[in-house]
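There's a structure below that I have some questions on.
All chains are identified by letter, namely A, B, C and D, in their written order; residue positions are counted from 1 within each chain.
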Amino acid sequence: MAGFDKVVSSYEEALAGLEDNMTVLSGGFGLCGIPENLIAEIKRKQTKGLTVVSNNCGVDDFGLGILLPDRQIKKIVASYVGENAEFERQMMSGELEVELTPQGTLAEKMRAGGAGIPAFYTATGYGTPVAEGKEERNFDGRDYILEPAITGDFAIVKAWKADRYGNLVFRKTARNFNPLAATAGKITVVEVEEIVEPGSLDPDQIHTPGIYVNRLIQGTFEKRIEQRTISEAATSEGAK
Amino acid sequence: MAGFDKVVSSYEEALAGLEDNMTVLSGGFGLCGIPENLIAEIKRKQTKGLTVVSNNCGVDDFGLGILLPDRQIKKIVASYVGENAEFERQMMSGELEVELTPQGTLAEKMRAGGAGIPAFYTATGYGTPVAEGKEERNFDGRDYILEPAITGDFAIVKAWKADRYGNLVFRKTARNFNPLAATAGKITVVEVEEIVEPGSLDPDQIHTPGIYVNRLIQGTFEKRIEQRTISEAATSEGAK
Amino acid sequence: MALSREQLAQRVAQELQDGYYVNLGIGIPTLVANYVPEGMEVMLQSENGLLGMGAFPTENEIDADLINAGKQTVTMATGASVFDSAESFAMIRGGHVDLTVLGAFEVDVNGNIASYMIPGKLIKGMGGAMDLVAGADNIIVTMTHASKKGESKLLANCSLPLTGKGCIKKVLTDLAFIEIKDGKFHLIERAPGVSVEEIIKLTDGELVVPASVPEMKF
Amino acid sequence: MALSREQLAQRVAQELQDGYYVNLGIGIPTLVANYVPEGMEVMLQSENGLLGMGAFPTENEIDADLINAGKQTVTMATGASVFDSAESFAMIRGGHVDLTVLGAFEVDVNGNIASYMIPGKLIKGMGGAMDLVAGADNIIVTMTHASKKGESKLLANCSLPLTGKGCIKKVLTDLAFIEIKDGKFHLIERAPGVSVEEIIKLTDGELVVPASVPEMKF
């Protein structure tokens, strides 16, 4: 099984080879489904000058936000960055370069990067600041802009379960950008809640085939909740 | 449940509105995972002048091949068409227009059609007859061609299971082009082996969300095998 | 009188149809889910990757792996499905969502919308808004008709950076329901007790006013 | 002596590495699976949507829903996964497959390959071949060195319509193992008992021959 066994034994090994000024793609939406221990390892390593591609940049003390205080991130490509005071400070002062990218375009750019498609046209962002410097083109009477693919030196991914071959299954909306980041990293590193033996997962129900995965590690997760919202029915039930 | 219940009661109803000269996208690879009863209904209806988009065109007496004798297909977009004598005759005589498209490009064109992407670049086909008349472009030192998306008036799809809302699950390699065709039809019609109640399928394990499905019907399937290949071990075991 | 947030949501809900797949933005649009007419079913799409969003969870149901696009904990409705972000926006960009409801800072007579950035003040990002306005045929923008200072948000030309160009056809404000076509606003309905004159006064872009403008019904 | 089909497959198998994901074309390439070296594991990709193709099924295992790209009934290996055709070619086009082995009619000194059409005679289509040659870095073409009439298939310029341009770097024929670089064929190994002269005679494109050309070992 050696050839396809992707399991590594430490977070240090998981991110071996990650160097200053590399590009890192990260899965996660808000704090949901983020590779929290891999991010913590990047902080521990003190890798600097990173370009990070991720839908969001965490909060001040969790997720990608923890890489901000030591100025480990040089540039971030994201769709929404509004939950983070230090982020705002660095962005406003020009210390942090921010490339705002529409969420669907960001997802599609990662998919394209993994799928060998160098660029695609989309109507999203036409006529807006996102279109600046991009080719515009009309197809069948509608205007589109050309968006290039994104790839990364590393992709860091959080899945629910994996087999040792790196076949991945995600859970609920913690899936989000994770399968896309997984396809577009030169080295794709995945942390999961549970590793099972090959053959335990139904082949029809694997979200990310192991061919995309280089390294795999089992971790424990805080899974912090950003907006804890309870139904009124529940509150009244809770008061019973 | 009425609003999302996609189940129709007859194949006639399933393909109501299909008219001469329309474009039909079909799932299936060879004879595997083809919407065989929907194809039979098109024959029964005697709809003519169709443009059919499908990886293959069946065999003489099964699959899309049964639409050839009555000249129901005007044009086919496919990647491989080699299993069919009548097909070859019509193609050679010029009665049938054939647009050969690389398999991966065909799949991606359908996906793009469903995803609102009018065109994408791919290296597949650069410098070959497939590139004729298409824009060529260099990205990062490599040459690519521009491929437009495909959509259809109808998509005909075969899935394994569905709930009444049209959430689909495919089985093994009968998945192939089916999920892609499903996204790119103005009207997507799906036939399945089993219809279950909404809530019975695991939301994490639905291959095609019901939003893409307009009509759903339960059928019985011959599932003809094109190349019945048995392992030698099995044969010797069989001889025991 | 100007509509309340709840009335805005109620009026939008009148545009729903049985079997609609709907994407509701953050804020007032979210409230629309509370006013789905009796006997009608709609399915809510959340662009982080969920079709069939349910109610907020009870304490016991809370699941960190199940949130909506506003990052709130949610549940799944019967018949829900989950998918990745590329699939979610394939659905949106490909025009498969029947109705999209979202807020805005400004809208203009050419159907342009500005909703995501106030230069120098607010730069949080567009999230999925640019994809939503580019992908949907049927969009309702909900917003107040004018700022607290009385400055119109229905303009001849948007002054803020655009979220989308030429993609808005329907705007519901606290004062009026307005359609956009041929480079003009068209007054369709007014809020109960709000005069046509008041609407005209607070609308900067060219407004076509028919002889009779019915009041909204609730 | 010219290699047999089995020897061709055996020689290709020597290029395998433990943990390789491999796509094997129809014909001789398919046989490579029979010669995976002891103690090594490879996983076979079948472009109709299967990673981890297993052996042919027994009578009892036959499943019409489980075929390979050659439309043969197959089984799944341990750890297999199934996906749709867009995902399958995302994998191929994105360069994730470690080794691709396929047949051809002609190859030329510029790495061009013709394998899918003989105008006026054979027009079956390219299937996945154009995607495979465009997507893979590491491709081995297997074919006979010359036609039965003795016409070379290793040319200065392909005469048939191309399947891919400038994408082939390794060719294994029944006579020789050849690499393509700088617009020339380079003779790397010869089949046991086959003379360098014979290879030169049957190679139309420019062939670089080193002082000593080792025989293939099996």
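Points worth noting:
In this text, a residue touches a chain if its C-beta (ideal position, glycine included) is under 8 Å from a C-beta of that chain, and two chains touch if they have at least 3 such contacts.
If you're wondering where the values come from, they're calculated on a predicted model, not measured in any experiment.
Among the other chains, the CA centroid farthest from that of chain C is the one of D. Annotation: B-D is the more contact-rich of the chain pairs B-D and B-C, by number of C-beta pairs in contact. Inter-chain spacing, taken between the CA centroids of chain A and chain B, is 33 Å. Centres computed as Cα averages put chain A at a distance of 28 Å from chain C. Distance between chain centres (mean CA atoms), chain B to chain C: 36 Å.
Residue positions 108, 111, 115-117, 122-123, 170-172, 175, 203-204 of chain A each touch two or more of the other chains. Residues of chain D in contact with at least two other chains: 76, 82-83, 89-90, 92-93, 134-135.
Under the stated contact rule, the graph of chain-to-chain touches falls outside the line, ring, star and complete shapes.
You'll find the chains touch as A-B, A-C, A-D, B-C, B-D. Within the complex formed with chain A, the chain D residues making contact are 17-21, 40-43, 45, 51-52, 76, 78-83, 87, 89-97, 134-135. The part of chain B that touches chain A in the complex is made up of residues 108, 112, 115-123, 139-140, 142, 144, 148, 169-172, 175, 203-205.
Per the touch definition, chain A reaches chain C in the complex via residues 29-33, 55, 78-82, 91, 98, 100, 102-108, 110-111, 122-130, 143, 160, 170-180, 207, 223-234, 237-238. Residues 1-4, 111, 113-117, 163-165, 167, 183, 198-199, 203-204, 206, 209-212 of chain A are the ones touching chain D in the complex. Remark: chain C residues 46-50, 55-68, 70-74, 76, 82-86, 88-90, 92-93, 112, 117, 123-131, 134-135, 161-166 touch chain A in the complex.
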